[in-house]
C-alpha cells in the first residue's frame, strides 16, 4: 500500500464515524476500526522491506515554491512509530467502544481520533520537515478536540486549552527552528537534511535552530518545565489518555528528537540541553507521581518521567543510548497503554479513580488486577518484564555519562528517579489492587466485558513476552529503528536480554526496588510532608498567566480601540503629518521656478473675509446655526475665488452645491441639539489646535511650494486643450474632460451620487421602521414655532421662480459643452427649483403633486449614462467613446448633436434624483400627523372668502 | 464717449448705493429698520451694475446681451421674499401681538397665529 | 479709461460693503441680522462678479451671478425658516 | 477591442439601477437578478483570469482616448486575480445573504451590493490614479450603505465613525493626487511611472510627500496601525455577511500599495527610497500583533473576527513590505487565503450571532450547534494560519520570503507569536461558545438568547423559507471548499502568484502595454 | 381650446419663459427661438400641478404702466432712503408699523403688492394677517403713517385691483 | 494696483492652510455636528489645494476662444475638483444622514462610542 494511502486513510476514514453514528455505535466504531486496521495492514506489508533495511520513499510536489513537498518515507524509526500508532490505535478504538457511555457522541469521538491518528502517522512518515510541521500542528488541534471531548466538564475545556497553548506554542517555535534548518541546508526534505550534519552543526544558526526545535519537542513530550499540561489533559476520556498521552502524541517530541538525532546530536549543546532536561523531567515526574492520588494523574506524571528518561537517553548522544531509547519507547508504550486502560476500567467500574478510595480490587476484578499488576511491575522495572530490560540498559548508560565533569550526578539522579518510579508503581499495585476489599466504592466494581479488557490484555502479554524473549520479539525492530535513529547500519554491540550479569545497573535496580518499597511504607508521612511543602502549582500559574494575558489583551484592545474616534483621528493626523514630514525631510528641493503673481485689494478683501469667516466657524462652532451661516460666507468667497481664478464651472458648481448642502444640514439640524457643549478639557483643545495648526501649515507650505514650481514635464492637459474641440466637439475644455476625456470618472461620480441617495433612502426606511418612528411622530419642536408655515408670498414667488429656474437649468445644461455649465450644475439647479416648491408649500403638498419617481430618476440617469457609453460598442469603439455631428432641418439652422449631451443627461437625471431623494428622506423624518396641508398656502383670502360665501349661502 | 460716461455714472451710482445699503446695516439701530437698507439700496446698487454691464456689452464689446435682465428679474422676485422671512423672524422673536398694530378684521398677524393643533399638542405634552 | 476708474470705484464700494457685511455677520447679536447680512453679502458678491465681467470684458463669469440671484435666496429663506419653524420643509 | 475588461464594471452598474427601477418591490426577482449578475461576474472574471494568465497585459482605452490623456483599464495578472477573488467572494456572500434573509431587513441591499462590486472591481482594473480615487469613493459609499444596512443604534454610531474616518482618508487621497499631479503633470499610473523616473534627483522632496501620502491613504484602507482604527467597530457592527464582503475591501488597500509601489515607486527607485520600507514593515508587524491581541481580548464575535481580519492584514502587509518577488508572491497567495478565510469566519460568526447574540459567552446550546462548531473551528484554523488549511501554507511562504530581510527575526517572531495568540483567542472563544454551552442547561440559564438586532427586529422574523434555509451553510461550505482547494492546489496557486509577482517586478511590461513605449 | 388650456396652462408664464430663454442665450436665431418656445411650453406643462389655479389678468396692458411707476418710485425713493441712512441720526428717525387693510383677494395680486411695498424704499412688507385681509408694513421713517397707508392703497393696490380682479 | 507684499499664491496657500487647520480642529470635536462642519471646511481646503495644482491664472478660463490666441489655465484640475465636489457632496449627505440616524436612535450626538465591556461570564 502506498505511503500516501497509509497516511491518508485515517483522514479519509475520519468522515465515516461521524456520519455512520446514525447507523449505530457499532457501525461507527467498526468504520473507525476498519480504517485503522487497513492502514495497519498496509504498513505491515512494508515490514519485510523495512526489515531488510530499505527505505521506502514516495513523493509529489505540493508547494514547490516553498520546498514543501508531499514526500513520505518509511524507515525503521517511522515503521516503529507508525506501527505503535496504528496498532495501539486499533486497541484504543476497541476499548473506547465499550468505555464511552450512551450519552457521549461516539461518532465525533472516532472522527477526532482518526484525525489525530492520521496526523501522527503523517508526522512519522514525513520526508519533508514542512510537511511534518503540518501534521505536527494537526496533532495539537486534534488533541485539543479530544481532550475537550467532554465539553460539559470545565477541566476538559481548560485542559484542552492548556494543552493547545503549550504544544501550540512549542509547535510555532518549531516552525521557526525548522525554517532555519531548511535554510541552512537549502532543502526542507528530511532525507536531504539528514545528510548534512556537518553543514548544520557548523552553522552559526545551529543553536537557535536547535533550541526552537527542542522547544517544540519538549512541549509536545511534556518535558520540564512544560510538563504540567499533561496531567491536566487527563480530563480527557481514558481512551484518549491511553492513546495520546502515553503511546503516541507525547512521543511525537521523542520521535522528532530521534529523527533529527543524526544531524543535531553529538554537540555539547545537544547534550546539556537534552540530557539535562530529560534527567530533570525523569526525576521530577517520578517524585510527583508518587504523591498523586488520582490514578490517571499518577500515570500521567509517570509518563512524564519516562518521557524524560527517553529524552535523556537521546541526549546522551551515544549510539548505544539511542538503542536503549528506542527499546524503552516500545516497552513504555506497551505497559503504559495497558496501565491507562486498566485505570480506565477501574474508573469505569468503580466510578472513582481516587487511590484513597480504592483498594483490594484484586478480589473484585481479578482479570483487570492481573493486567494492571503485571504492567505496573514492568513500569517499576521488575524482571522479567520488559520495563526491567530497558531500565537496566538506561542505568548502565548513566554510569558512563559525565555531566560537567561529575561522574556521579547523572547516575545518582537516575537512581533516585528509578527509586521513586518503583515506589509509585508499587503504590499503584498496593493501594488499588492489594489490601482489604472495601465496601465504600461509589459503585460495586467487577471485571468488564472482554471487549474492554482485551486490549490491555494483549498489551500486557507483550510486556511479558518481550521481557522474556526480547531479542526474538523486538530485536529486529529495535535494530532497524535504532539504525534509522543513528543514521547508519553500524550499530555498536548490544544485546537485549534479561541477564547481563552483576553489572552496576543491576545493583542500582536492586537499590531502586528496595528503596521503592521503603518509600511506599513511608508514604503516609511523606505525603503529609509533601502537602505541607510549598511548591508552585503549575496549573494556577498557567491559569493566572492566561487570565492575565487575556485581561491584558482586553485592556490593550479596549484601551486602544475605546470607541473614541476623536482620538483615532488625532492619532491619524499625527501619523500622517509625521510620516509626510519624514518624507519631505529626507528629500531635496530646488529653488522656485515660477514668479508669484500680484494681487489687488479687492482680492485681499475677499481673502480676508474667507479667513475671518473660517476662524469664526471655529470660534463659534458651538452655535450650530450660526456656524452654518458662517460656512455660507466661506462657500461664497470660495466661489468668488474660483471665478476670479478662471474656473467659472467650479464657481457655478460650488454655489449650487452650497445651497443644497445648507438645506440638508438645516434639515438635519432641526432634529439635533442646536448647540454643542464644551466637553474637551482645555489641554485637549490646545492639543487639537496644535495638530490642526501643524496640519494646516503643512498643507499651506506644500501647495505654496508646488505653485511656485513648474511641472517636471508638460501636463497631459495640454493635450486636452488641443483636442477638446477637434476630438471632443466642445469648447468648454472642463466639460469636455468631464464628459469625454474622463467621462469614466464622471460615470463613477454620478454613481456615487446615486448610491448616496440609495443609502439615505435605506437608512430612512431603517430608522422609520424602528422605535425611532414613535419618537419622531410625537416629537415636539425644541424651539417655539411661528405661525404661517407656508407663506403666501413664498408660494406665489415660487410659482414663477420654479419654471424660471428650470429654464435656467435647461440653459445651463445645453451650453455646458461649449461654455461653463453642464449636466451636473443643471441638475442641481433643477433640484433646487423643486426644493423651492417643497419649502414653499410643504413636503406633503408638493410630493402629492410629484410626478417623478426619484429612485427611477436616479436609475434612469445611471442607465442613460451607461447606455450612452455602451452605444459606442456598436461602432466598434470602447465604452464611453463620444460622437458628435451636425443636423440640418430646414427651415431651422444647422445644429450640433453630441452623444456627450446624452451622457450629460444621465448626469443631470442622477443628480436631480439623488438630491431630491435625499431631501425627501429628511422630510419624511419630520412628517407628523396634521402636518400635511391640502392647500399650497395657508392663507388665501380668495379661497377662504369664496368658501365662506358659499357656506353663508348654504346656510341661507 | 457719452455712453462711456453713462456707464461710468451707473457704476459710480451703483457702487454708492451698494455701499450705503451695507452701511445702513451697521448704522441703523433697530432690527426692522436695518432690513430696509440692504433690501433696497443693494437692489438698486446691483441694478446699476447690471445696467452698466449691459451697456458695456453693447457699446464697448459690440454685442447685445440681455441676460443681466434675468438677474434683475430674479432679484425683484426674490428680494421681497427674503425680506418677508427676515421680518417674520423678527416678529417671531421680538414682537408680540400687542406690540404691533391691530391686524384688522383678522385679529392677529400670521406669524403669531400658531396653529391650533400645534398648540393642543403643546399643551397635551405638558 | 473713465470706465476703468468707475469700475474700480464700484469694486471698492462693494468690497467695503462685503467687509461691513462680514463684520455684521460676526458681531451681530441677533441671528436675523446675521442672515440679513449674509443675504446682502450674496448680493454684493453678485455685483462684484458682474463688475469683474465688465473689467475683463468677458461674459464667461456671468452665470455665477445668475446662480446667486436665483439661488441665494434659498439659503436665506432656509435659515429663516429654520428659526421660524425648525423644519424647513414641512 | 476586448470589451471583457469593462464588462465587470458595467454589468453591476447596469444591474443595480435595473433592480432599483424595475424589480424593486419584487424580492425574488431582485434576488434572481442580483445573483445572476454575480454569477456572470464570476464567469467574466474567469475569462479575464484566463486571458491574463498568458502574461500579456491588456489595455482598454475608455472613450477611445489613449493613455495618458484618457482613462485606461489595465488587465494584468494581479488585477485579474483580484477581480476573480472579488467575484467569487461576492457570489458566496450573495448566497448567504439571500439564504439568511439579511437582504430583506433593509432597503436597497442588492443595488448597493452590486454598486459595491462595481467599485471594488473598478478599483482593481483602473490604470489611472484619479480614477482609482473615484472608484474608491464608489466602493466606500456603497460600503457605508451596506454597513448600516437594517439600522440599529450601535450600527449607526459605528457608521458615523466609519464614514468620518474614511472621509479623512479620501481627503488625504486628494492631497496626494494633487501633489503628484502638480509635480509630474499626469494622472495615468504608467505615465506616472515614466515621469517619476525622470524627476531630477535633486528635486525629490515634494514628490516624496505626495508618494508617501498616497501610501498612507492605502494604508488606511489596508488597516495598517495606527490607521486601522476604523476597522474593528465598523466590521463588528456591520451586518456580519456584509463584513464578510468587506474582507476584500482591506485588500483593495493592499492591492493599491502593491500596484503603486511596484509600478510607480518601485523598490529600486532612488527618489522614493525608504518611503515605505522605513515604516511599513514595523507597522505591519505591530498590526499583526495587535490584531492577534484583539482576538484574545474580544468579547463579541464580530469584533473577534474583525481583529482576525486585522491580523491577517498585518501578515499580508508584512509580506508586501518585503518588496521582493518572493514576498509579493507570498502576499498574493495569502491574499487569496485570508480573504476567503476572513469572509468564512464572518459568515460563521453571523450563524452564531443570529442564534445566540453577539456576545462570546456560554449560553444555551444553539440550534445546529455541532455543525456550526465544526465550521467555526475550521474557520478559526484557517484564520489563525494553522494546518492543514491554506493559511498555514501562506504563513510559511511569508516566513520563507522574509528570510533575507533585515528584520527577519522580528518578522518570524511576530508572525509566530501572533499565531499563538490568535490560536489562544480562537480557542477561548470556541470553547466558550460551543463547549461551555453544554454545561448550561435550559433551566439554569437566566439569559435567554438575545437577538442581535436591537430594534430593527421589532417585527418578528417570519419563519425562513425552507428553500433558502440551507443556503447559508452552502455558502459557508463553498468558502471552506475554496480554502481546501487553495490548500490542495497550493502549487498551482503559488505558481500563479509567483508569475504575478514577477510581472509586477517588470513594470516595463505594464508601461509598454499602456503607453506603447518603454521606460527610458 | 380645452386641450390648448391643458397644454399651455399659464400662457403668460410661457411667454415669460420664452423671453427668459431669449434673454439668457442672447442669441438671435430661429433655432434658439424655437427651442425657447418649446421649453416655454414644456416647463409650465410639467410644473402645472404646482400652480393649479388659472391666473386671470383683467387688464394685462396695465402691467406696463404699473411697472414703470414702481421703477420710478424705486429710483426716487432710494435716494431718500440713502439720505436717511447716511445722514439722519437714528434718534431723529421715526420707524414704525402700519397695518394696511387689503381689498385684494387673489394671492398673486397680494404678493405683487407686498413685493412692491418692499421694493419701494421706506417700507417693507413684514407679514400678512391671519386670514390675509391685512398687510403689516414697516416704515423706516414714517412721520405720518396714515399717509403712507393711503399712498399704498391709492398708488399700488388700486392699480393692481384693475389688473387682477 | 497691487498689494506689494501679498501675492495670489500666498493668499491661496494660506486659505488652504487655514481651511485645513480649521477642518482638522473641528473634526477632533466630540459631537457629530461640528465634525461635519469640519469635514466641510476640510473639503474646501482640499478642493482649493487640488485646484491650485494647475497653477493659478487670472482671466484665462479654459473655454476655447475661436477668434484669438489667448492663454488658458490648466483645465484638468478643474475637472478633478468638479468631480471631487460632487463626490464630497454625496458623502456629506450620507454622513449627515447617518449622524442624524445615530442621534435619533441613541438620543445622543456624541461621536465617540462609549465602550461598555459587558460583564463577561467567567472564563472557561
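By letter and in written order, the chains are A, B, C, D, E and F; residue numbering begins at 1 in each of them.
Heads up, the rule we're going with is that contacts are C-beta pairs under 8 Å (C-beta built on N, C-alpha and C of every residue); 3 or more make two chains touch, one makes a residue touch a chain.
Note that the structure is predicted; figures quoted are calculated from it, not measured.
S.K.: Name, by label, each chain that touches both members of the pair chain B and chain C.
M.R.: The shared contacts of chain B and chain C, listed by label, come to A.
S.K.: Moving step by step between touching chains, how few steps can get you from chain C to chain E?
M.R.: Graph distance in the chain contact network comes out at 2.
S.K.: Among the chains, which has its CA centre at the largest distance from chain A's?
M.R.: With centres defined by C-alpha atoms, farthest from chain A sits E.
S.K.: Work out per-chain C-alpha centres and flag the one nearest the whole-protein C-alpha centre.
M.R.: Taking the mean of C-alpha atoms per chain, the most central one is D.
S.K.: Go through B-E and A-F and name the pair with more C-beta contacts between its chains.
M.R.: Answer by contact count: A-F.
S.K.: Could you put a whole-Å number on the gap between the CA centroids of chain B and chain F?
M.R.: Taking the average C-alpha coordinate of chain B and of chain F, the gap between them is 32 Å.
S.K.: Need the CA-centroid distance for the pair chain A / chain E, whole Å please.
M.R.: Roughly 72 Å, centre to centre.
S.K.: Report, in whole Å, the distance between the mean C-alpha point of chain A and the mean C-alpha point of chain C.
M.R.: A distance of 59 Å separates the two centres.
S.K.: Could you grab the centroid distance between chain C and chain F? Build each centroid from C-alpha atoms only and quote it in angstrom.
M.R.: Comparing mean C-alpha positions, chain F is 23 Å from chain C.
S.K.: Hey, what residues on chain C touch two or more of the other chains?
M.R.: As it turns out, chain C has residues touching two or more other chains at 11-12, 16, 18, 31, 35, 60-61, 66, 70, 72, 77, 81, 83-84.
S.K.: If you look at chain E, which of its residues touch at least two other chains?
M.R.: 20, 24-25, 111, 114-115, 125, 127-128, 130-133
S.K.: Mind pulling the residue numbers of chain B that touch at least two other chains?
M.R.: 16, 21, 23, 35, 43, 65, 67, 70, 73-74, 77-81, 84-85, 88, 90-92, 110-111, 113
S.K.: Thinking of each chain as a vertex joined to the chains it touches, would you call that graph a line, ring, star, complete, or other?
M.R.: Shape of the chain contacts: other, as it matches none of the listed patterns.
S.K.: If two chains touch, include that pair; go through all of them.
M.R.: A-B, A-C, A-D, A-E, A-F, B-C, B-E, C-F, D-F
S.K.: Once bound in the complex, which stretches of chain F touch chain D?
M.R.: 27, 32, 35, 39, 42-43, 46-47, 49-50, 52-54, 76-77, 80, 83-84, 87-88, 90-91, 94-95, 98-99, 101-102, 105-106, 111, 113, 117-118, 120-121, 123-124
S.K.: Could you please specify the touching residues of chain E with respect to chain A in the complex?
M.R.: Touching chain A: residues 13, 16-17, 20-21, 24-25, 29-31, 34, 39-40, 43-44, 46-47, 49-52, 102, 104-108, 110-111, 114-115, 125, 127-128, 130-133 of chain E.
S.K.: Help me check something: in the complex, which residues belonging to chain E touch chain B?
M.R.: 20, 22-26, 74-75, 77-78, 81-82, 85-86, 90, 93, 95, 97-99, 101, 111, 114-115, 118-134, 136, 138, 140
S.K.: Can you list the residues on chain B that touch chain A in the complex?
M.R.: 70, 73-74, 77-78, 80-81, 84-85, 88, 91-92, 110-115, 117-118, 121-122, 125
S.K.: Quick one: which bits of chain F touch chain A in the complex? Just the residue numbers, please.
M.R.: Residues of chain F touching chain A: 1-4, 6-34, 36-37, 40-41, 44-45, 47-49, 51-66, 72-76, 78-79, 81-83, 85-87, 89-94, 96-101, 103-105, 107, 109, 111-115, 117, 123-124.
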